[in-house]
Every structure is written in structure tokens, then in C-alpha cells.
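One chain, subunit A, links the two complexes that follow: it is found with subunit B in the first and with subunit C in the second.
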Partner chain A sequence: MEHLLETIGRNMFAIFGVMALCGAAFMVASKSAVHSVLGFLFAMLCVAGCFLSLEAEFLGMAQILVYAGGIVVLFLFVVMLVELSKFKEKSVFQLQSRYAVVAVLLGAAAFVAIFRNLIFGTPSTEALVLRPELANGLNVAQQNAQAVSRGLFADYLLPFEILSVILLVALVGAVVLAKTERV
Partner chain B sequence: MVNLNAVLLISFLLFSIGIIGVLIRRNALVILMCVELMLNAANLNFIAFARHSGSISGQAFALLVMGFAAAEVAVGLALVVALYRKRDTVQVDDINLLKG
Partner chain C sequence: MPTQAIPMTLTQTLIMGVIQILAVLIVIFIIVPLTTFAERKVIGYIQVRLGATRLAGGHVGITGPMNRIMWGMGKVPMLSILRGLPIFIADALKLITKEDIIPAKADRGVFTLAPIISVMAAFGVFACVAYYPGVMFYMPKSWPVIGGLPFQGFITDVNVGLLFILGLASVGVYGIVLGAWASNSKYPLLGSLRSAAQIVSYEVPLTLSLLVPVLLSGSLSFKDMSVALSTGKDLNPLAIIPLFIGFFVYLTCGFAETNRVPFDLAEAETELVAGFHTEYSGMKFGFFYLAEYANMIVVSSLATAFFLGGHYLLPFGLQRFIPATMPIIGGPSFFFFFAKILCILFVFLWVRATLPRYRYDQLMDVGWKYLIPLTLVNLFLAAIIRFAF
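This part shows the complex of A and B:
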């Protein structure tokens, strides 16, 4: 039992990753838009699990708040707002879908051909650390939120402020686009 | 320590599923969701490289990308609602005004 738990703990990233892939595949394949949203929600929660297993605790929590709490609810609202039942008689996928699938499969084959050694070759015993002196000094796991805040508010303050302006513009734009036209 | 190649593989597969969804689905809502999925795959890469290089910049930028994705979803959904009001459809291949 302990051995099993230990194995699960070591492979937490792979478990969450495969679950996220399953959720994403369900999202693309399901006919009903509400089922698609639920698959999307599942995939996002599993990606948050991946973040947690990569020791990015703050981002994992932010992912759950932003996606499961905000974006999925927004999607559900629009799905309820737009009457999808009248499109039931049409097919789900586009006419040129087989060309698209062939193109994507060709791209995936090219990727595997190029990175064959990286993926299927023997993994290096040591994890790749580009700047080990930083990894030792930072101790990311203990003070993740503190480190993120230092990066966000000290090193990258200008992008952060620009993002806030972008959010404001998007807010105003969304209101203007979605409002009913009255004379 | 998570193997970096595993993270890259998972993120590549997520991105591929997103691209397949954008290319083959006809529902504008599902296409938006697939774009979100692709942004998340990019975020996964950011965080993996931040973890493996010992620098926090990747995580800060992943947070910025997350905010950007929220803005994009707000505008995209407003467009879908406006489209439904004007043309009474959310199927992308019914929107062919520029096709002539």
C-alpha cells in the first residue's frame, strides 16, 4: 500500500497529464456543447494538477480560480444563451475535416521524427537545470507565491501594467460588442 | 523531479488536440475552447522551463498569459453573442460573407 502510494506520488504529473488529454479529447469529440464545456473544465482542472506537481502552487490555484471559476462559467452562460438545438441536424465536423486530420497527423509524425531521441531515448539521469545556482537559492516549493510576486512586481512590472490596460480594453470591448442596439 | 521531456510531450499533445479542434469543429464556442487549450499547453511549457531553469520568470509570464486568455475569452464570447444576434447562427461555415 505504501509502495503504491509512493509510486502514485512520483508519477503525479503523468497521471494528471493523461487525464487532461482525455478531457481535451472528450471536449473535441462530443456532439453537445455542454458536454464540451464539461470536458474543458475537466481538462483545465487536470492542467492545474500538472502545475501543482511542477511545484507552481500559486499558478495551480490561479488556474483553478480563473478557469473553473470564471471562464467555464462564462462559456456555460453563452451556451445557455445561444440556442444550439436548431443546429442539431447538421454534422458536427467540417467538410474538409479529413484533410485537417491528415495535416495534423503529418505534423505530429514530423515532430516525433525530429524529437525521436529526446522522447524515446534513454532519459538523462539528471534533470536539466540551466542555472543550478538559482534553483538552489530560490527554494521554489517553500515560497512560491513570494517568488512569483517578486518576478511579477519587480522584474516584469511593465508587462503586468500593460496587461491590466488590455483587460480594461477587453472589458469595454466585450460590453460594446454584446450590447443590444437601441436607437 | 518531473522529467522535462514528459512535460514537453504532454504539452505537445494538448496543443495538437487544440489545433485539431480548431480545424475540424464547426461550433464557434468549441473553437474558442480549443484556443484556450492551446494557451494552456503553452503555459505548461512556461512552467516546466521555469522549474528546470530555476528562474521564476516563466511562472510570472504564465500568469500574464492566463490574464490575457481571460481577456481573449471575454471578447470572443461577446463576438459569438453578437454573431448570434445578427446572423442567428454560431456555426463558422455559415459565416461566409467574404466568400463572394
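This part shows the complex of A and C:
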């Protein structure tokens, strides 16, 4: 019993990871768009589980709060309201466009290239730490939330703000693109 | 109070976890039906409804013979203080035994999944709610595996417990949206769209109003926050002002989040038949019902813990004026927490019996034009009080 529980506990990340992959596969493979959203939701919750198994509680909860609770709800809204019978496809994967295949292959190659060290290399012995020497006057982080907030609002404030502006630009761009001329 | 005073093996942790979950579930399954009973009684007395206040105690019906004997002896029948109880029992029986119909054109899988999501989200939240900040009692020494282990007043105390509660609560909206979509019917879909828009927009002021206690206590753990907010040594006396405003904003948003009157537009029966659960019957409907009442309990416990002093007698940091050595009112108690939850549940019923329903545009106005600016100002005020004084 003890041994079994220990094994499960050690492999929690792998378990959640496989479940997330299953959810993602269900999302791609299912014919109904609402079922796809459900698969996506499941995958998102399992990714939150992955974060939790790595003791990143804040990230896991933010994952649930933002993705599962906010973004996927919006997806579901759009999917429910759009007339889906128009878009019914016979084939699950759309292979009409050669460019899409090329893009996917390029993406996969880039992924492998970026994470080559992570996947095939030796595991690093030193954990990634935020820069505590910059945190003058702040106590040493005792919680996840403190560590993340220090990263966001003390060490990497400028990149964080720039990212927010980029997101805003994307939002405005989407509105401009989607707006039709009213005469 | 250390959370883990005694080192526990994984097996012991698992068994204790299951025991605590079962204990919490049993308490919920006792409180929820009693709340529906209380709802009938309270609304019955406020609105002078006959059934809930007069049934039983008469000469006919299930308890008729016994009541006749008691009237004959010149005494008020015993069951008359429980008037309305037959309705309650019939209600529960009907819910359990009614035929479970799935409409022919419904999406069967999603139709079944929706109430499950609702109930799981509503009950999962209780994992992070602390009923008592510490060990309630120890298991008897003679028990085989778990002898002598502490029974905590909470299932877990995650250091981001509040986020966990908010996150799971926001997952609950899927139950409503998916159930309505899977019913393949007009009224449920309209009801669910209303409800989802309402829940998503009221989540903003709800979260913002909860940020005030977070800011003032400097923690995200449910237990630490509730203890800090009632006994906090470094809690400024002025902190009462933002907490007081925050309490009312939170309670308003809590009504909207649980789809209760006056914000129950999702099931406005004059317009939408019964809203998102029109096509549901039997225990699947019962699950939605259960989830709604469980959510009411969650909202009440959060309001209790963060704004009303939680496990202590006095809220807003006033507890520090009572010396901790006083016999009963000096320390934390499960019963204070419980009594405050019951009071807020009563407010839920009171409001339902008193206020009419809002119109949809009024609802959105209240949320976006008044509550969100108010919470922002309130948050700013709390920040000033925390850091300037």
C-alpha cells in the first residue's frame, strides 16, 4: 500500500501529463465542436494538475482560474452560438492545404530544436531561481505567490509590461480586422 | 498552530483524507436538505403561505391520528412545530424516485456530464474551507492504522486556498452552459446564456472585493486569512471601513454567483419556463439543486471567514480586545463559524422572500457601473490603510 502510493505520488506529473494529452487528442478528434471544447477544458485542468504536482500551486490555480474558468467559457460561448452545421467536415484532419502541413512540420522541428537539451540532454542539477539579490527589502519568498509576484513586479517588470501592451495590440488588431464597414 | 505536528505515512494521510472528506460531505448532505426545509418555512412565514406553516398538526394527513389524540388531550400536537415537514419529505422522495428522462434530441453524454460538473465544482470547493483553525480532536488510540492521528478542522490548507475556491467556483458555470446546450431546447439555451454572462461579469467584483481581505491579511490561505482578520495584531483599526463595504459588495455578488433571487434571471419562470434545467428531471435536476445550495453554503462560509470573524466571536480584528484566556469567547470555536453560516443562509432566504427580481439590463448595470468601480475604490482605500498608516 505504502509502496504503491509512493509510486503514484512520484509519477503524478506523468499521470496528469498523459491525461492532458488524452484530453487534447479528444479535442482534435471529436466531430462536435462542443465536445472539442470539453476536451480542451479537460486538458487545461490536467495541465493545472501538472503544475500542482510540481509544487507550483499559484500557477496551477491561475491556470484553472484564467484558462478553465475564463477563456474556455468564451470558446464555449462562441462555439454554441455559431451555426456549426455549416462547418461540418467529413475528415477529422484538414489536409487540403499543403502549407498547413509544412507549417506544422516546421513548428515540430522548432520545438525539438528549442527543447533538445531539455528532452535529450542530462537533467540540470541546479533549480532555476529568481534573482533574490534584487529583492532588497522584501523578505525571502515563503510562498509561490510571493515568488511569482516578485518575478513579475520587481525583477522582470519591464518585459511583463511590454507583454501586456503586445496583448493589447493584438486585441485592438482583432477588433479592427473583425469590424465591418457600416455605411 | 503547526499543520502537521505528527509525521504521517502516505497510507495514513490517504485514510485520514478520506475520513475528513466523508465528514464534510455528510455535513453538507445534512445542511442542504435542511436549508430547503428552512426555505419553505421562512418564506412561508414571511409571505403567509399556508402549506409550509400549517401542514401537519391538523386532523388529517400522515400525522392526523397522532395529532387528533394530542388535540384530544388538550395539547398542541408535537409535530406542529415541524409544520411543513411532510412537504419536505415528499419533496425529497419525489426527487429521488422520479423518472429520469433524457430528451430524444439531446446530446446524451454532455446531458449527463453537466450536472456532474456542477456538483463536483460546488463540492470540491469545500476542500479548502477551514471550519476550525487547527486540530479538532484526535482519533482514538485503539483504532488500527489511524490511532492517535489529528482530525483537522479542514481537509487541506493550501497556501493559495482562496484561488482554489475561486477557480473551482468558476468551473461550475460549465454545468449550466453545457446542460442547457445539451438539452437542445430554446429556453434552456437562453437561460444559460444569461446565467453565464451574469456569472462571468459578477466574478470580477466578487474577486475584487475578496482582494481587500487578501491585502489586509497578507495571505491567500483560507485558515491564515480568517485568523489574521479576526485576531490580527497588525490590522489597522481603520481597516473596518473597507472590510465593511467589501462585505456588502461580496454578499451582493455572492447572490448573483449562486443565481439566487434577486439575481435569478437564469431561471426566471415568467420568461424562461425554468431556465437552464427545464429539460432535467429526477436526480439529475436534484444535482443542480444540490449544487445551488452547496454554493450558497460556500458563499456563506467565505463571507463568514473573511468578513465576519470566522472562527472567533468578533470580526474586523476586534477579537484582540478579548483576552485569549477567556473561557469560551476567547478562543476559536467551530460553533461560532457554524452559527454565522446559518445567519447568512437565513439572509439568503430573507432576501428571496422580500425582493423582486431585477431586469436583465439593471443587473448588468449594477454589476459593471456600480459594483466594479465601488470595489476598485474600496481596494484603493484598503491599500492606503494598509501601507500609509
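As a working rule, the second predicted complex is superposed on the first by the 110 of 183 C-alpha atoms of A that agree within 3 Å, B and C clash if a C-alpha of one lies under 4 Å from a C-alpha of the other, contacts with A are read in each partner's own complex, and residues count from 1 in each chain.
In the analysis below, a residue touches a chain if its C-beta (ideal position, glycine included) is under 8 Å from a C-beta of that chain, and two chains touch if they have at least 3 such contacts.
Given the structure is predicted, the values throughout are model-derived calculations rather than measurements.
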{"item": "Partner chain(s) touched by A:Gly70 [first = subunit B, second = subunit C, both, neither]", "value": "both"}
{"item": "Which superposed partner A:Met1 touches (first subunit B, second subunit C, both, neither)", "value": "second"}
{"item": "Touching partner for A:Leu171 - first (subunit B), second (subunit C), both, neither", "value": "first"}
{"item": "Subunit B versus subunit C as contact partner of A:Val34, first or second or both or neither", "value": "second"}
{"item": "First (subunit B), second (subunit C), both or neither touched by A:Ile114", "value": "neither"}
{"item": "Contacts of A:Leu106 with subunit B and subunit C, given as first, second, both or neither", "value": "neither"}
{"item": "Which superposed partner A:Ala20 touches (first subunit B, second subunit C, both, neither)", "value": "first"}
{"item": "Broader residue contact with subunit A after superposition on the shared chain, subunit B or subunit C", "value": "B"}
{"item": "Partner chain(s) touched by A:Ala62 [first = subunit B, second = subunit C, both, neither]", "value": "both"}
{"item": "Where subunit A meets both subunit C and subunit B, residue numbers", "value": "58, 62, 70, 144"}
{"item": "Interface residues, subunit C side, partner subunit A - complex", "value": "9-11, 14, 107, 109-110, 113, 158-160, 163-164, 166-168, 170-171, 173-174, 177-178, 181, 189, 193, 196, 200, 203, 220"}
{"item": "Touch list for subunit A against partner subunit C, complex", "value": "1-2, 5-6, 9, 32, 34-35, 38, 41, 45, 57-58, 61-62, 64-65, 68-70, 73, 76-77, 80, 143-145"}
{"item": "Subunit B to subunit A touching residues, read off their complex", "value": "1-10, 12-14, 16-21, 23-27, 29-30, 32-34, 36-37, 40, 43-44, 47-48, 50-57, 59-64, 66-75, 77-82, 84-85, 89-93"}
{"item": "For the subunit A and subunit B complex, residues of the former touching the latter", "value": "13-14, 17-18, 20-21, 24-25, 27-28, 33, 36-37, 40, 43-44, 47, 50-51, 53-56, 58-59, 62-63, 66-67, 70-71, 74-75, 78-79, 81-82, 84, 87, 90-95, 97, 100-101, 103-104, 107-108, 111, 118-119, 123, 127-136, 138, 140, 144, 147-148, 150-152, 155-156, 159-160, 163, 166-167, 169-171, 173-175, 177-178, 180"}
